[in-house]
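Two complexes follow with chain A in common, the first pairing it with chain B and the second with chain C.
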Partner chain A sequence: MDNEFTIDEQPVPFVPGQTILEAAKAAGYYIPHLCFQPDFKRHGGCKLCTVLVNGRTQTACTHKAAVGQEVDVNTPELNAMRRSLVQMLFIEGNHFCPACEKSGACQLQALGYEYEMMSPHFVELYPHREVDATHPDVMIDFNRCILCELCVRASRDVDHKEIFAVAGRGLDAKLIINSPTGKLGDSAFAVADRAAQVCPVGAIVIKRVGFATAIGDRPYDREPISAEAESCELPEVR
Partner chain B sequence: MLNLETAAAPHRLRRVAIEPVSRVEGHGKVTILLDQENRVHQVRLHIVEFRGFEIFIEGRPYWEVPVAVQRLCGICPVSHLLAATKAMDVIAGFGPLTPTAEKLRRLLHYGQIVQSHALHFFHLSSPDLLLGFESEVAKRNIVGVAAAFPDLARQGVMTRKFGQEVIRHVAGKRIHGTGIIPGGVNKALSVEDRDTMRSGVDQIVEWSKEAVGLVVKLHETSPEFYRTFGEARANMMGLVDARGAPDFYDGGLRARDADGGPIFDHVDPASYKSLLQEDVKNWTYMKFPHIKALGAEKGWYRVGPLARVQVCDVLPTPLAEAERRKFLAAGDGKPLHGALMYHWARMIEMLLAAELARGLLDDPDIVGTDLMADKGPRREEAVGVIEAPRGTLFHHYRVNDDDLVAYCNLIVSTTNNNQAMNESIRAVAQRFLSGREVTEGLLNHIEVAIRAYDPCLSCATHALGEMPLEVDLFDAEGALVSRLRKG
Partner chain C sequence: MAIAGYVVGATKGFIYLRGEYKHLQEPLQRDIDTMRASGRLGTSIRGAPGFDFDVEIHMGAGGYVCGEGTAQVESLEGKPGRPRVRPPSMVSVGYLGKPTVVDNVETLAHCTEIAVDGGASFAKRGTKTSTGTKLVSVSGDCERPGVYEYQFGVTIGRILQDCGAPAAVTAVQIGGASGVLVTPDEFSRRIAFEDISTAGAFMIFGPDRDIFEVARNFAHFFAHESCGFCTPCRVGTAIQRNIMEKIAEGRGSNYEVNDLKRLAEFMKRTSHCGLGETAGNAVRDALNKFRPAFERRLRARDFAPAISLEAALEPARRITARDDADAHLDVEG
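Presenting the complex of A and B:
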């Protein structure tokens, strides 16, 4: 009974210090997330992992598990909220899945499917955003950036380069690059950097290899994103 | 002959606009100017084309382009995929494709030709041809054909399905597949999928042969009418291989004049700009390409089935070649230029594509696993050309040092046929409309001529084979006299 809490009324064990998301994952229970990756500092930015802890909303990726907590994950209201969050992410950027090389391996798209997003629902903002292809091996398409800050954390905490940062607030927030020109090509970024591998959408992509895996044979073409809980593993982001 | 492109005094004329209601994928509109006696003075086909798409592609990474261009139009995604990928093979620096990769791409293309030609003939055109141009509108569709000719309708559906299945097996999806990538293909064909297709293909060859037979029979009911309806004497262009046989996937450009005389031959398509010129007219967004050396007046040309079966010297498969000879005999040794002759040529091509697909399914290379070519240095510029179901399709790209597309020019089949289509409907308007009270049946004659070319308009591919149209009749002062709506 000690070190146990419940998720949707099912008992889930935890190790002290684990977040609800980590404990859930270890127990094979899916809680959606976009800005979380186990190797990086918790961020709590995307709110996809929002759950009810004893009736109060919390982000499961930051909230520590505790004995006796009653956590609701899979409720119609929470799922409707998650769908709205995904829809907002879609309309805030320019996401054209059919032509995107990340299609089938994109976590945003996969969550759209998971939460049965049938339309953008909100008015699309179609912001004007650039493509930065100045780096010889890696490209950033800002049209697709969802500001999850995984690249920021990976570059700062793993690569120790601090190539990326988020500037501005709200709708004006944007990813910026730490280089004399603001261009990726003039930064110390390298294709082997961890930050080149973590983008959950098609914003940071390795050049010239897109579509090497046929659409239809990609991770989320085969299994929904929620299946990752069963394997207790995050699917490769690429 | 009266030049019907521009009337001498248009302000004094009544205006008929034939316009589709549905505008999903690019649309067409016909305007006709009539005088008080209903004599035709001006006929124009306006097609809204996707110039915007070229801008959409510019600034995008080159490896994304083959997939992105499939969204150019929902009608022939495989054609755009193949033409763009051929260009990107070069840009990405790949050498010659492996035999398996080239054969899989060809198989995909032949599958698409079968499905596209079957769709066009059975769904879109057979209602007019089998039930009559002026038959009851409510029944002049594939449902009406199915009721009157159930076996034929079923064969049409099954033939198209076979083509779609080929696309699905090779490209990964029935539409918008991604199996084809710069340098080759990313998916080997399984023996099981090959066997499934192989077991069905004989029947498709047989049905395609019957489809040619059906067009021949229709033609025999009124040879003169078929030969001359919407006749527009045009130069003809298509890709041919070294033997002079048509090559849907590759080859050199050949053009012949309206009498079959040579204009150019075996020209590397990469130099298309030195052969062709695209002109702009003030009344439509769609460009008018013509053969530079002949000038705009004389240099316009026709592409697609009717051009291809007549610019070639031979068809590379026995059944199709036998049918081509019968076709040529109908013209007494002279090229045929009637719009309805497209249907005959198109069915011969469907047979050809089915036979070519069969040949590939019997070739052990098709299930090979060596899929990607060797890669050399990246290049800056390339032209990818194929014979799409509707005719020659050009994709031309320049890619900058950052791997982004800096320049993109497309000439789609329908653009190549722009002037020829205009001439055909002018011929029809002059012959059938002029001096008469305009009725739905008469206006359908115009549609029949446009449809024969199989232009990529949403209206031409309406699911039930009707062009949803709105026809407005204006008087000489520009006031609306009547409105006719169908579809």
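Presenting the complex of A and C:
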């Protein structure tokens, strides 16, 4: 029973150094996440991966697996918390799914379905946010940004361009672009950048390829997000 | 600080001074210069070979969250004050990735005391489990606000007496915005780790204070101070503030009151750092202990909408060019 812990009372093996989320994924066990992608530095901000480790709440994407740990993932109480988190992310921005190119391939929307979000519950904040369409190949709709910082990390650590950053605090926290005008079109951003491929929602959208796959036929239209447990790749939409 | 540096083998120390205390920068710098000139900072301190330690003042831009150790170190590094993911802890990976000790000035001052007078003399003061003294920073409705030093175990009533608080104090907030709200029936409780533990803030609310307004202020404070890193605190503190506003406008109901309680518990369970974990405390305490202050503002027992339904019908009336009685709601909704 070395290098084993339990998730919802099932034994799960792990490699020392692995986080709970990584070990769970390797074992085909689903733990929700939004700001985690395996290739990037851990972030731990979205809190969707919140689990109970020996009775205490922890983020599975940052917490290391350890021998004998008892981890609770799929409990009504935790799922209710996750639903609240998803609701908060929805009301914080402006998400009109039927008009969004990401619909059906969006992780936020998919988590809404997964956690049975039947209403926003909280009063919508309806913030005023802009769309930046200045780049020839890529558009950013800040209305849908959930501040997961995946594009920040991809641009900094993989593309070595540091095009994105988050500035401001509290509700004023927002994604900013490193260019003389603050516009994407005046930055060194390119459609081939890794940062153009990582957005879990419909905030970073590639132009001229939209709707190649019809709505209704997209990954989360066909299968719930929890079905992609083994693969942590973003589903291919186009 | 130099003693702490000597003990852990550090040669460099920072005093993190928040922007709000800019007026202290100059006198503090003068004191540091004097210490350096008299051989109590610098190289071979007091002639002890190898005892090298120096201190630099670092000005912060002013953020409540920078009181959290890891956020403070981020800020020291010139980055936005956002708490780090732990582990690793500061003592293994801290400032610029190096082992770092983060302590309050008060703690470090006690080190000197212990170094000079010995641990036994220090332990003589206070209670069995909380030895020594505590600085209490008294503010609010009293005749003599200021910083007081007490032995641990002092009662709240005693502090109130010493600072000239009015006879009919409504409540005291101990430990700042993240702390606890204490009512008169608890004034015999003590400042100590085993009872009410605090970093020292002591805010007095006199007989004329409305605790709902106090809680509303705290709700605004947290929405303003949330660093924005994690979802529950960034959005949760804003929702808490908005619900308090809705109640203040007289549009609240029991639904909001219950939502505030759920929100406090939710933020406590899911937030990334102490700020979010405690952001609902003040409102929750006020609700539990001063329920009537909320209740008299509630409009309906069950639910009231955030908008005026009557006013919302106005565009429809304009479009249909109607203004008869049937185009209006009987009751203001």
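Here is the rule we go by: the second predicted complex is superposed on the first by the 230 of 238 C-alpha atoms of A that agree within 3 Å, B and C clash if a C-alpha of one lies under 4 Å from a C-alpha of the other, contacts with A are read in each partner's own complex, and residues count from 1 in each chain.
The rule we apply is simple: a residue touches a chain if its C-beta (ideal position, glycine included) is under 8 Å from a C-beta of that chain, and two chains touch if they have at least 3 such contacts.
No experiment lies behind these values; they were computed from the predicted model shown.
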Query: A:161 contacts which: chain B (first), chain C (second), both, neither?
result: neither
Message: With both complexes superposed on chain A, which partner does A:210 reach: first (chain B), second (chain C), both or neither?
response: first
Field: Which superposed partner A:172 touches (first chain B, second chain C, both, neither)
entry: second
Query: After superposition on the shared chain, which partner residues are touched by A:92: those of chain B (first), chain C (second), both, or neither?
result: second
Query: Thinking of the overlay built on chain A, is A:129 touched by chain B (first), by chain C (second), by both, or by neither?
result: neither
Message: Of the two partners chain B and chain C, which one touches more residues belonging to chain A?
response: C
Query: Who does A:50 touch here: chain B (first), chain C (second), both, or neither?
result: second
Task: Would you tell me which residues of chain C are touching chain A in their complex?
output: 63, 80, 85, 87, 223-232, 234-239, 242, 246, 266, 269-272, 306
- request: Report the residues of chain A in contact with chain B in the complex, numbered from low to high.
  value: 98-101, 131, 133-134, 139, 185, 207-217
Residues of chain A touching chain C in the complex: 42, 44-48, 50, 57, 59, 62, 64, 81, 84-85, 88-89, 91-92, 122-123, 125, 146-147, 166-173
Message: Give the list of chain B residues in touch with chain A in this complex.
response: 59-61, 63-64, 66-68, 70-71, 92, 172-173, 176-179, 181, 186-187, 402-404
